[in-house]
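Structures are listed in the sections that come next.
Both of the next two complexes hold chain A, though its partner changes from chain B to chain C.
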Partner chain A sequence: MEHYVPILVYALVAISFPIIALLMAKVVRAGSPDPVKAEPYECGVKTNTVAFDTRFSIRYYLIAVLFVIFDVETIFLFPWAVSFDRLALFGFIEMMVFLAILLVGYVYAWRRGALEWA
Partner chain B sequence: MDFLVSHFAEILFYILAALAVLGSVGVITLKNPVNAALSLLGTFFIVAVLFVLQHAEFLAAVQVMVYAGGIMVLFLFVIMLVSVKGLKTQAAFLSPLVPVAIIGAILVGALITSAVLLGVFATGDGGPEALQMVDGAVLGNTEAVGMVLYTKYLVPFEVVSVVLLVAMIGAIVFGRKDRFIEEQEGEVGS
Partner chain C sequence: MWVDAAVIGIKLVAVVGVLLMTVPIMVWVERRGSALIQDRLGPNRVGPAGLLQPFVDAIKLLIKENLIPAGVDKLLFVLAPTIALVVALSLFIAVPFAVDDGLELVETPIDGFIVAPDLNIGILYIFAIASLAVYSIVLAGWGSNNKYALLGGIRASAQTISYRLAMTLSVVGVIMAAGSLHLTQVVTSQSGVWLGFLPRWNFLIQPLGGIIFIVAAFAETNRLPFDLAEADSELVAGYHTEYSSMNFAAFFMSKYIHMVTSAALITVLFFGGWQIPWISLPGGWMGAGLSLGVFSAKVVFFLWLFVWVRWTLPRFRFDQLMALGWKIMLPLAVLNFLWVGVAMASGILT
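Showing the complex of A and B:
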């Protein structure tokens, strides 16, 4: 367990940093509240809709799904890379088959224009 | 103090388990969907720490990368895709809650009873060594997972790629409007 002490310290610093920064700002700053300041910022343009009312295009979701799939693929690469020496050529061929199957999906996504934004 | 030091892992487990339950209760009770999603994110991280406590370091990394990283993005996109403002959350959720709560309480009671009877409470019966041993050799957890996954579970591993391929193609087919696909085919054909 003692190996995790640096991680614990790191997590505590990471959590306390924004808290301290926000508290410091609260103490130091001049307070002049204004309802306009609390509005969501839209590049200087006056906001038309409430933040929750805006609906996003389905294309964002498609990108997110593709991200999760390639994320899972990366996860499988990780233990393979760690035990690469022990698995030798067998493991290499095995992983190439795995990647080749997923490459089919990648090429399909590319051909369908799923990776293009316009 | 001695008790605290010697039972450090157990005490940590109970605290984190309570936080995980609190977080998941928050997911289903918080009215604001973004708050519920953040509560889910916290639960994911606590579960990752629980995996570390069980010496399943690789699963902890997967938990953070795939769940806190990927699945969380999907949840947030769903919140942004649907208009959540007009949804009636409370009335639809609370009415079937009482029977569900009773069934849940019975199941949790049965789980705790069986755990106490079998004597596998808190730490489980498999020692941390079990996750680091392959054929008698002591490896790191990730390396042990790799050795077992890419030799013993070769076929399931390759099937995973097919499952991911199906998910990818399915997402592309469902995610695109028909006119989009027609336009694209026109471009490819010309």
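Showing the complex of A and C:
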């Protein structure tokens, strides 16, 4: 556990640095607020919608779902990779079966066009 | 006890100091390097060869007015750059950058001085913390109340998670070869020779994994062939369009610190860390100094690679980027660790 003490100290340093920097900037910086300056950066014409209403492609959502599935797979791979030497042939074949099942899902997603972007 | 505390203190100050000093130096290298590549002069007025330019820029950013546009989610807007900087700073601590066998200070053995928190789950720590970086991008994009920022933020997060997959999968082969998640052991596993004469660097054993990791590192740091999140020509400045003053500087610094960490990780995972091919390092303080020098030289090379690529290659289109990540790099990364598995099982790689 004592390995994590430096990590903790370091995390405190890492968290306090941006806070101190931002506060310092707050003290020294110039500022003359103006409603025109506070407009969102766009084309110069008065904006009539808020950005949160902007539509974006549903594919981003699909990508996120695919990521969750495949990321869980990598979590399974890590302990397997660490003990690969000890697991010998049985472990290797076991992982091949696991990957084969995943491959079916990957090919399905590909064939259904989940990886296309158009 | 006091020596331990002092050792941790010195190390923390050194790491934070070096990391923060690398930012202005890298900005200078980037600007002078781009000028060199594009046959211009670059900044050359402030200080010798323009070296002081980044410091002047930092002071300028510090005293600039901070614009917070109307309609932003103020909490998220301020939280995003803070997260970016905290994550970038926290990553480097887990990277081992020199040997530290048998070091002594005032006759107290201080093993693990240089590689302070020698985490036995170093790789996991780095991937876990690095994945928090996407929050800063999403929150900045969402909190800014700006259409460019929103699109940039969504793009960046989709890109980051797509390439994170290939990145983690490409490291599986390295873990198999080292038999450990311990980054120091990853480096020591790359000592000696392979097939009689090749240095046992992971890049030579599994070039596919190395290339995938380097490409993914470019995507992770949002640098040029993959800087879709910023894409100046279409999205103004992407997720940090609305940021100014120190808030912008926080994003800017975190980007460069990420670059340093990525270069260090490429060195540790695939290029033998502090090892010199065919030569074994001496012990004690000399070995520590020498290994630190070798490690720094490799990191500097990869930092230059980042700059070099940025000013050489054009930007990818978004569909090309996603296709590269999902259809090419992901299967190839799986193929890479299958190759390592076969090589280890058949005794080519012992």
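One rule holds for everything that comes next: the second predicted complex is superposed on the first by the 96 of 118 C-alpha atoms of A that agree within 3 Å, B and C clash if a C-alpha of one lies under 4 Å from a C-alpha of the other, contacts with A are read in each partner's own complex, and residues count from 1 in each chain.
Here, contacts are C-beta pairs under 8 Å (C-beta built on N, C-alpha and C of every residue); 3 or more make two chains touch, one makes a residue touch a chain.
Just so it is clear, the structure is predicted and the values come from calculations on it, not from any experiment.
Superposition model on chain A: chain B and chain C are shown accommodated side by side without a clash.
With both structures placed on the common chain, the touch criterion links A:Trp117 to chain C but leaves chain B unconnected. Once the two complexes are overlaid on the shared chain, A:Lys37 sits against chain C while remaining clear of chain B.
Of the two partner chains placed around the shared chain by superposition, chain C is the only one that A:Val28 touches, whereas chain B remains out of contact.
Looking at the shared chain after the overlay, A:Pro18 reaches chain C, while chain B stays out of its contact range. By the touch criterion stated above, A:Glu94 is placed in contact with chain B alone, chain C being left untouched. Closest C-alpha contact of chain B with chain C, superposed model: 5 Å. Applying the stated touch rule to the two superposed structures, the overlap between the chain B and chain C interfaces on chain A comprises residues 4, 50, 52, 54, 56, 60, 64, 66-67, 71, 74, 78, 82-83, 95, 99, 106. Per the touch definition, chain B reaches chain A in the complex via residues 8-9, 52, 58, 61-62, 65-66, 69-71, 73-74, 77-78, 80-85, 139-140, 142-143, 145-147, 149-151, 154, 157-158, 160-162, 164-165, 167-169, 171-172, 175-177, 180-181, 184, 187-188. Contact residues of chain A toward chain C in the complex are 3-7, 9-11, 13-15, 17-19, 21-22, 24-26, 28-32, 35, 37-42, 50-52, 54, 56, 60, 63-64, 66-67, 70-71, 74, 77-78, 81-85, 89, 92, 95, 99, 106, 110, 115-118.
Contacts from chain A toward chain B in the complex involve residues 1, 4, 50, 52-56, 58-62, 64-69, 71-76, 78-80, 82-83, 86-87, 90-91, 94-95, 97-99, 101-102, 104-106, 108-109, 111-114. Chain contact summary for the complex, chain C toward chain A: residues 8, 11-12, 15-16, 61-71, 78, 81-82, 85-86, 89-90, 93-94, 116-120, 124-125, 142, 144-151, 154, 157-158, 161-162, 164-165, 168-169, 172-173, 175-176, 179-181, 236, 241-242, 245-247, 249-250, 318-319, 322-323, 326-327, 330-331, 334, 337, 341, 344-345.
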